[in-house]
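Consider the two complexes below, in which chain A is the common component and chain B and chain C are the respective partners.
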Partner chain A sequence: MSRVKELQKSLFAGTTSNARQFGMIFTLVAIVLLFQILTDGLTLNSSNLISLVSQYSYILILAIGMLMVIVAGHIDLSVGSVAAVVGIIVAKVMQEYDLAWPLAIVLGLLVGAVIGAWQGFWVAYVGVPAFIVTLAGMLLFRGMNQYIGSANTIPVPEGFREIGAGFLPEVGPDTGYNNPTLLLGLLVCVAVVIREWRARRTRREMAAEVWPMWISVIRVVVPLIVIVFATLRFAGGRVGTSFPISGIILGVLVVIYSFITRNTAGGRHIYAVGGNARAAELSGVKLKRVNFLVMLNMSVLAALAGMIFVARSAASGPQDGLNWELDAIAAVFIGGAAVSGGLGTISGSIVGGLVMAVLNNGLQLMGVGIDRVQMIKGLVLLLAVALDVYNKNRGHFSIIGSLMRPFRRAAPAATTTPIESGQEPAKTPVAG
Partner chain B sequence: MSDAPVLLEMRGITKEFPGVKALSDVNLVVRKGEIHAIAGENGAGKSTLMKVLSGVYPYGSYTGQIIYQGAECRFSDIRASEQAGIVIIHQELALVPGMSITENIFLGNEPGRGGVIDWKAANRQALELLARVGLQEDPDTLIKDIGVGKQQLVEIAKAFAKNVKLLILDEPTAALNETDSQHLLDLLRGFKQRGVTSIIISHKLNEIAQIADSITILRDGRTIETLDVKADGVDEDRIVRGMVGRELHSRFPDHTPTIGEVFFEVRDWTVRHPISPDRLVAKGSSFTVRRGEIVGFAGLMGAGRTELAMSLFGRSYGTYVSGQIIKDGKEIVLRSVSDAIRHGLAYVSEDRKSLGLNLLDDIKTSIVSAKLAKVSRRGVVDPVAEHRAAEGYRTSLRIKTPTVDEGVGKLSGGNQQKVVLAKWMFTDPDLLILDEPTRGIDVGAKYEIYGIIQQLADQGKGVIVISSELPELIGLCDRIYTVFEGTITGCVERRDADPERLMKQMTSAKKA
Partner chain C sequence: MRKYLARGVAAGAIALLALTACSERSGSSGGDSADSGKGFPADALIGVALPAKTSENWVLAGDLFVNGLKEAGFQSDVQYAGASSTVSDQQNQIQAMVTKGAKVIVIGATDASQLSTQVKAAKDAGAYVIAYDRLIKNTPDVDYYVAYDNFKVGQLQGQALLDGMKAKKPNGPYTIELFSGSPDDNNSAVFFDGAMSVLKPEIDKGTVVVGSGQTDIKQTAIEGWKAENAQRRMDSLLTSTYSTGKTLDGVLSPNDTLARAIITSVKGAGKPLPVVTGQDSEVESVKSIMAGEQYSTINKDTRNLVKQTIQMIKDLQQGKEPEVNDTTSYNNGVKVVPAYLLPPQIVTKANAAEAYANDPILAPLTK
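The block that comes next holds the complex of A and B.
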């Protein structure tokens, strides 16, 4: 058992939350393989992977913001409505005032910021629980969407649609593959190698024990295999399709926000506030400012997600963003965040979101109706969090132990590393 | 009184917690119809003894016998002891603020049949009970709408509803003002006349001397003596002698202080209670700290030492009314914790688990958390610098852990306290305020922490130590201020410090 733990520790360089992620990645891989078999290879087929990314990228973008909200000890129920109202405003200004689409995107983000400031004000400075503020926001902004759009659907222009429905362009020599996607894959491969190299260097500078070389090799080679496989899949799809633009936006956001939550003082403060607000305050953390910014940020990301969705569906309508908050919240909790705040990672939430996405997608491919898909998703959420609570009550972390027991003798690492570093852009969608 | 029949006898009670013997061979004899006080310093074992008696610590978790009304009792929980007529009223009242007086009195004990409450009977009984405790208040009033003094009376009424024969009051007057306290004491006298026996735990020795028939003194988990107030002519001084009468062993590292000039001064500091604005938690407090000096603050629980310290530390407690802080000759205004940290103040809370640490964090994250800027560049934390800083404290403070990546939740109390100390040492403070720095940690770790405190002073910092253990203050501090109900009642130099003198100043408002 301790062997397994040690290995897992050196492979994931981590603490308990990473250990939780380890279990999630394991689950994700298992689900992907299961559906790959059940759907006769349809799951990992080029066009399915591409549509999976473009179909779920906006939910995953929401999950990034939601993770920070939940880590700070709050919740945001309004994201779907915020996305909808931003979508309709942007569509309307482009249709009626002929605003250029790049400016419309900027406007959309600004509207998101204003809405976020509104909600953040009530949560942080007045002290109304976020559940109430955003429940009110959910109604308020849903109504505002229908009021502004007169409950109609408003189409958006061609250029704007790129952010939701666009792909990397076909350029360069005819290789039989989409060249920019190949290049992107290559960049990600290089990033993985550099990252591992830098991690080793940091350990050495800390004068700490550096893990053996073979572990580094596994930590690099396994992701590389996955990336190469995925790159070829994404680049080798139907001509005109390749890696979606929305996936690239998502990847960039994942990298940025992982960095913020992990490596910056501001990110530390979010965890401190969620872990023990009074202690954080007595350590000089500006509680109100942190809460305000977290809520503000969530609405900006909701605005972005809304615009990507509108771009993908080519029009903004009154039913946009319905129940998105639930998907985003589910992703975060499946990804190992604690209900009471203070725990959780961006990469964990992305993995959690992918578990839901693959489950959804796989079941649909198998022809399971939406009714039963919902039932299964609900049970998965309940089980994942129940397992977490159970482990917490026992006072120590054992999800891995329970997962690994049957595999104790087999090397567990090789099959489970693929998306260890959720913050590498193209890798997260890849594993799906 | 000594000829009255014995109601309760606790014989040879010993209670151990992992690593600590909280009670060893304690004996207590309470006679029918008397008011019996239990006195002792904080940590002497008073509350533990009462928890044994009331079944909080069930039979089997302690050794010894409880003989009550002539028969041995083996209480399995609080309900069992209440059934026998033993009711304990804790310092923190167990009332539901949003429910009415009647509802609270009968909570868990509702009159009626088959789960249906007979409100008529309940209200009638409530009125009777309220009359017995002398509380004139509509029984439908919500608990949150009456003052803490009246809440205390509701608690007692609740005890009567359970047919109490032996009433135990743990620090009943700690939160009460003078008038309410007096009323409560009168009430206890009235109960005595009607044959109710009471056990009272109190830090206010004047009250004990005034009301009790006999006093049992505990010290370090042992019974020291039982005094008969009238026969022995007991006064406050006599009680104090019993409570502190121990010699100081060499529990402190040798230290020769190098004391410089005054660099920190507080003048006329007055702070209001955050919820009840008519209560002042600090009343015109003034004090000074010199460089290299360890200054103690002695006072009983609830005297307002923590409140004073936290209000100085960026107004973290209460509402600021008036007063000045002068540091290095200049007045400074600290409106927030970050102001305080910037001006070189550090406050180590008495409650490290809920106010000092984020138990989800690992050691290194905790240590740098109060001054992240020191290990970051443009807001980005440098993991190498962070690790190096944490490693430095791990070795210098001897924090027992394999690596600084471990979670702080897993550490022992002493090591957690070292992490909190490291966290505040990392902010390079000029003045450290340590609130109960050795609470709940074992003797060995205490010794180490005393050493750290002395080192900090030797570096020219000022250190304020708030402690409820007098021997600790006397052994460690160069100067000790005494606090009583929000007022600084005196200042004693190290050479003049003796427990009796301090205890006197801590228990009366008279300025020494």
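The block that comes next holds the complex of A and C.
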């Protein structure tokens, strides 16, 4: 292994697989800076960052679930319709039966779980391809949305709107900033430091080589600068605004699901199934159960996304969720998941989703019409994946290649070894 | 690796620089400019958010806004929602206009009930919100409403339908079918109620019969104002009700796009054309009227509506209270929105030349 690789390894968290995250983040930073210049500083303006998060949190929540579905080798086209039907059910029970909104949220998640179980049953236990099951679901649940709502728009009560349009309260001394957001930022800073410290300790305990101190310092300081900057921006918006509640929900989900997919046996089974289903099954992975749970989970997250959108829109309407599946799928693929399954990461998908979000938002700020925005987004999706494929086939080093490398997959050729192997990423996985 | 490092350091440096920018809280955006009577700079940014380009009228309105606002000395940002994900596009566009510091935001809503969060953000940032053509519902944050008198439009359509059928066949009873607009558009019900205020007495008397019996607005609604949906509904009506020799005398259609879809459907089924109403004076429909197919349309000259809206913006800019002529009818669920209503005009083959005399595109068609 070359020296460069070694350094790269130690700087970006110890394995080459984590180092790949860097390219994606670099792309995102480049796009943000580009638009920051093109829009005269509006992109990183407090109110824009706040609206960016609340506008895209529900799409990113979908991307989390979609990543797991795609890693397992499936696809889910029904998420938009599932979101819409859950939205209308929740809006309707609150309007007609005066159900308290926290209970309505629980009900919404339950409906999502039931729908997910329905789709999971057909995919996992009957063996109908997920593409077909969810295509059917797309029609079924879109129709159900209109049947239940009579294609009307139904408003939701104030309390419920908090999960989509709400902000943290203004409490504590007048610091010129939103205090809960500052606390939140501090919490994240502490988490970054602790993580690094624990990583060093683990390596020491395992008698592995510990990278030099200065590398740790860089690895802590750079994220800290970004976090502090973001915190001040989010906390410094108009009085009454803060980091959006929907963004906090998203953040919590990202942490939980990243842990599950990276560090638990169940999470690694998803990769095993997507990498090579037969091999995984022979190694004792419960194929059907994994497929069932992945589909179930997707619909629950779609339900949550639908409720957040309804809350943000203050009403559930017949056009909710149209084309969401496409946004979520695009985010996952831009974020480096493999079409054949088995590879991809949660954080990659989030960054992929953010790339699309910043692109969309930046173009809107520049006053570019939605027709051209769609054309640009389409080309970006195509180019991102094409570069990935091209790069893989050539195997040469190129700058673009090194930037795009991170877009490729996590853990190669998944089989039964659930631990990240730190191999070179150039190997093609066995299609599932 | 050095490259990565250099980039990392550069990014960090930029982030640090940006950090020094001060918080917006100390800035001017305290919502103080929302008080009327103060006005705003004459070259301020005006945002215009329109629905998807599904009808010629919206495209025309967008062009008129761009030119009109430029003439008036304002900067403009005119946006259409995408054809596929209309509601969330429009939400994001309005939010972007707020971020850019627009002083007035004119909104032709895609879904009149799903914009309250964005409208509130606009209001909080000190912008005025004018609902254009479609009233924004369930929010206290909309300042003015400007539109054609839509109830009147419905009444004119209903009357035209009766007149048209009488002209063809002096004695009833007449068999008709009813169509109404998209259920998420506040105007759909207003048109329909207007038309029914004329048709209902006739239906009760028995001189007019709704062939399929579908008179509820839920049954007659056409999702998304889409031609394909109207055509589909007409196809099924023809099969279910008129395949056994019953004649269809008239169809109440809320606009031209749907009217043409209905006519296409009837032609496809090989039936004689009924009297079909319309609205919007779309080019294709005016041609159709002159050719004797569609019976009527409504002339709601978009030029006048845009002109009136820009006049309101000018008044607001100078700190004056804009003129309104209806302060009682348009309750959006939270407040009664002061409105300026323009009178619509019914157009048939008989008066088309006169009605469109000043219209550069439509006038040649009527000769």
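As a convention for this text, the second predicted complex is superposed on the first by the 382 of 432 C-alpha atoms of A that agree within 3 Å, B and C clash if a C-alpha of one lies under 4 Å from a C-alpha of the other, contacts with A are read in each partner's own complex, and residues count from 1 in each chain.
Just so it is clear, a contact is a pair of C-beta atoms (placed from the backbone, for glycine too) under 8 Å apart; a residue touches a chain by one contact, two chains touch by 3 or more.
From a predicted model like this one, the values you see are computed outputs, not experimental measurements.
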- Comparison of chain B and chain C by chain A residues contacted: C
- Task: Applying the touch criterion given at the start, work out whether A:317 contacts chain B, chain C, both or neither, answering first, second, both or neither.
- Result: second
- Partner chain(s) touched by A:208 [first = chain B, second = chain C, both, neither]: first
- Message: With both complexes superposed on chain A, which partner does A:364 reach: first (chain B), second (chain C), both or neither?
- Response: second
- Task: Would you mind listing the overlap between the chain B footprint and the chain C footprint on chain A?
- Result: none
- Which residues, counting only chain A, touch chain B once they are in their complex? 15-16, 202, 205-208, 263-266, 268, 271-272, 275-276, 278-286, 338, 342-343
- Message: Applying the document's contact rule, which stretches of chain B touch chain A when the two form their complex?
- Response: 313-314, 316, 336-338, 340-341, 347, 349, 354-362, 365, 369-373, 376, 379-381, 383-384, 387-388, 391, 403, 405, 407, 423
- Message: Per the contact definition, I'd like the list of chain A residues that touch chain C in the complex.
- Response: 3-4, 7-8, 11, 22, 26, 29, 33, 41-42, 44-48, 51, 55, 146, 150-153, 155, 161, 164-165, 176-177, 218, 221-222, 225-226, 228-229, 232, 235-240, 309, 312-315, 317-320, 322-324, 360-361, 364-365, 367, 369-371, 373-374
- Residue numbers on chain C that touch chain A, as the complex places them: 1, 4-5, 7-8, 11-12, 14-16, 18-19, 21-26, 29-30, 77, 79-82, 84-89, 91-93, 95-96, 98-100, 110-117, 121, 124-125, 138-139, 183-184, 218, 221, 223-224, 333
